Amino acid sequence: MHCHRNSDGGFEVIIASSGENAVELLDASEGKYRALVTDINLEPDKLTGWDIARHAREIDPSFPVVYMTGKDVDDWASKGVPNSIMLAKPFAPAQLVTAVSQLLNSGTTLA
Amino acid sequence: MHCHRNSDGGFEVIIASSGENAVELLDASEGKYRALVTDINLEPDKLTGWDIARHAREIDPSFPVVYMTGKDVDDWASKGVPNSIMLAKPFAPAQLVTAVSQLLNSGTTLA
Amino acid sequence: MHCHRNSDGGFEVIIASSGENAVELLDASEGKYRALVTDINLEPDKLTGWDIARHAREIDPSFPVVYMTGKDVDDWASKGVPNSIMLAKPFAPAQLVTAVSQLLNSGTTLA
Amino acid sequence: MHCHRNSDGGFEVIIASSGENAVELLDASEGKYRALVTDINLEPDKLTGWDIARHAREIDPSFPVVYMTGKDVDDWASKGVPNSIMLAKPFAPAQLVTAVSQLLNSGTTLA
Amino acid sequence: MHCHRNSDGGFEVIIASSGENAVELLDASEGKYRALVTDINLEPDKLTGWDIARHAREIDPSFPVVYMTGKDVDDWASKGVPNSIMLAKPFAPAQLVTAVSQLLNSGTTLA
Amino acid sequence: MHCHRNSDGGFEVIIASSGENAVELLDASEGKYRALVTDINLEPDKLTGWDIARHAREIDPSFPVVYMTGKDVDDWASKGVPNSIMLAKPFAPAQLVTAVSQLLNSGTTLA
């Protein structure tokens, strides 16, 4: 298992080596992660981003989720979780930072 | 297969006899339905409301979806589709009419 | 000039006989109307619903506007005014009532 | 203490005889009320609608609140609670029904 | 025709030399631009920012539009397109980056 | 009274030495401030962030307000002003920049 740390707009980022690893990190996290940013992985026999996001929401129903994909954007409407954001590649770094911030801040504003 | 028609706030309502029947109706609909209002059915070996909603969204990614349930409201965050509304029972008729109207009207307003 | 009064969900409705008449009513209104619900009229040499809505917004920048049309829904994105709602025909009465209510109530909620 | 019951859009309504009575009802409610619709009462030495709403939110931070007033609408921005709706009198019944429904439904949609 | 490239929050920016030039670039773009950020130009006999935005929306009804102006902010309500943002000068760079990101991300969230 | 200036995402920031000082600055501001970012101060006999925000909204009903706190996040629902954002500490700088930008930009988008 390899973890790397980066910093983007002030967010500390943990990068998981695989979907399985991401699920392990979430299970052991005890609330120390604040948001999930996941690629949609379509390799056979692998956990996809859709699976990881559902798992994160079973642990915490209000967990912020951002999906990233270069194709299959329409799948979000049937496979994504509620109150998540889908970013189509390519996107600017500011879009990701704004997406995560909007989801984190939305807990205290009304639709 | 039994269908009943009702009228509520001006909406014509088709009631499906089962989850399987709902999926058949959606598959044969050719765009004649405007929204899905579904109970969360937890009987073993049956299609649940979660399944039916995902199916509706595979056919039309912007299809309005309202779930109704007396319990397990938290499951919506991990099992629901994006841009759907969950109504916890008991709810007033006006809540359902407003929910469907909001989803139908939202195509032309901005988040 | 002929005006008719109806009542719908508690709203009093004034029906103008033409686009020109609607503009006259708005100009003479001194704030007594609360919202504009307009058809998109495409007869040559006539004021369209797009024109009437722009006129209403010049008088009051926050005036609620709902457009109704049976076709050309995509024109809304280039010809409609901001913070308006487009209803595609056919629609249920509840959609119109909810649309007007949402616009009237939105002054006191945040995007 | 006098309570009356009405029905509006399917909502059961409890009318309190005063601000003090409303607070008593909320304190004893054990979650059986679903929303507060309150007039802004400006009689001296009385609880105002602003006070009652703050009290309701101390008991339940997500309690839906609708204020009604014939004047002083601007006070809402400094005295109202977050995620509430202010209705300026006169308003149509549909506006109140939609306001309450929007607040009740908003728990499961995103800003 | 002179084009300049800048980078802001990760966005690549194309600056058009005039309103006419902006329309040419949009017409020839084949989807390679992602958003329009336009000044409101009020020189006589020139295309205004209102015109350019309407043109962009005729090509793509969901094209993100941000207007910038030092005055006449109220004109936005009657001359702007739906789902656009108006920035009053002076504004901070972060406001523009957030505005563009919100519009680009809004395709996958619900009102 | 000591004021310091910083720059963050392009925003100029004025830091007040106390709640009392913040109120003085707002009273003398004549519209030159654009947003309030305030800590929730719970020292006895001191103005709290809740008080300062209410004061700012009495001067300008649409003034953007962001609260910051390390605890008592639930108090926001009963003590905060409408259309404000609460940031729970610790938060990333990007969350604050996005929060202020969202509030400043929201005047020209619809809920």
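The letters A, B, C, D, E and F name the chains in turn, as written, and every chain counts its residues from 1.
Here is the rule we use: a contact is a pair of C-beta atoms (placed from the backbone, for glycine too) under 8 Å apart; a residue touches a chain by one contact, two chains touch by 3 or more.
Predicted, not measured: the structure shown is a model, and the values here were computed from it.
Chemist: Looking at C-alpha means, what's the farthest chain from subunit F?
Modeler: Taking each chain's C-alpha mean as its centre, the farthest from subunit F is B.
Chemist: Comparing residue numbers, which of A-B, C-E or E-F shares more than half of the contact pairs of A-F?
Modeler: E-F
Chemist: How many Å are there between the centre of subunit D and the centre of subunit F, using C-alpha atoms for each centre?
Modeler: 26
Chemist: Just the number, please: Cα centre separation of subunit C and subunit F in whole Å.
Modeler: The separation of the two C-alpha centroids amounts to 37 Å.
Chemist: Express in whole angstrom the distance between the two chain centres, defined as the mean CA positions of subunit B and subunit F.
Modeler: Once rounded, the distance between the two centres reads 41 Å.
Chemist: Note the residues in subunit A that touch 2 or more other chains, in rising order.
Modeler: Residues 76, 80, 82-84, 97-98, 102, 108-111 of subunit A each touch two or more of the other chains.
Chemist: For the complex, give me every residue of subunit C touching subunit B.
Modeler: So the residues of subunit C touching subunit B come out as 73, 76, 80, 83-87, 91-95, 97-99, 102, 111.
Chemist: For subunit F, which residues count as touching subunit D in their complex?
Modeler: 54-55, 57-58, 61-63, 74, 76-84
Chemist: Residues of subunit B touching subunit C in their complex?
Modeler: 8-11, 97-98, 100-102, 104-105, 108-111
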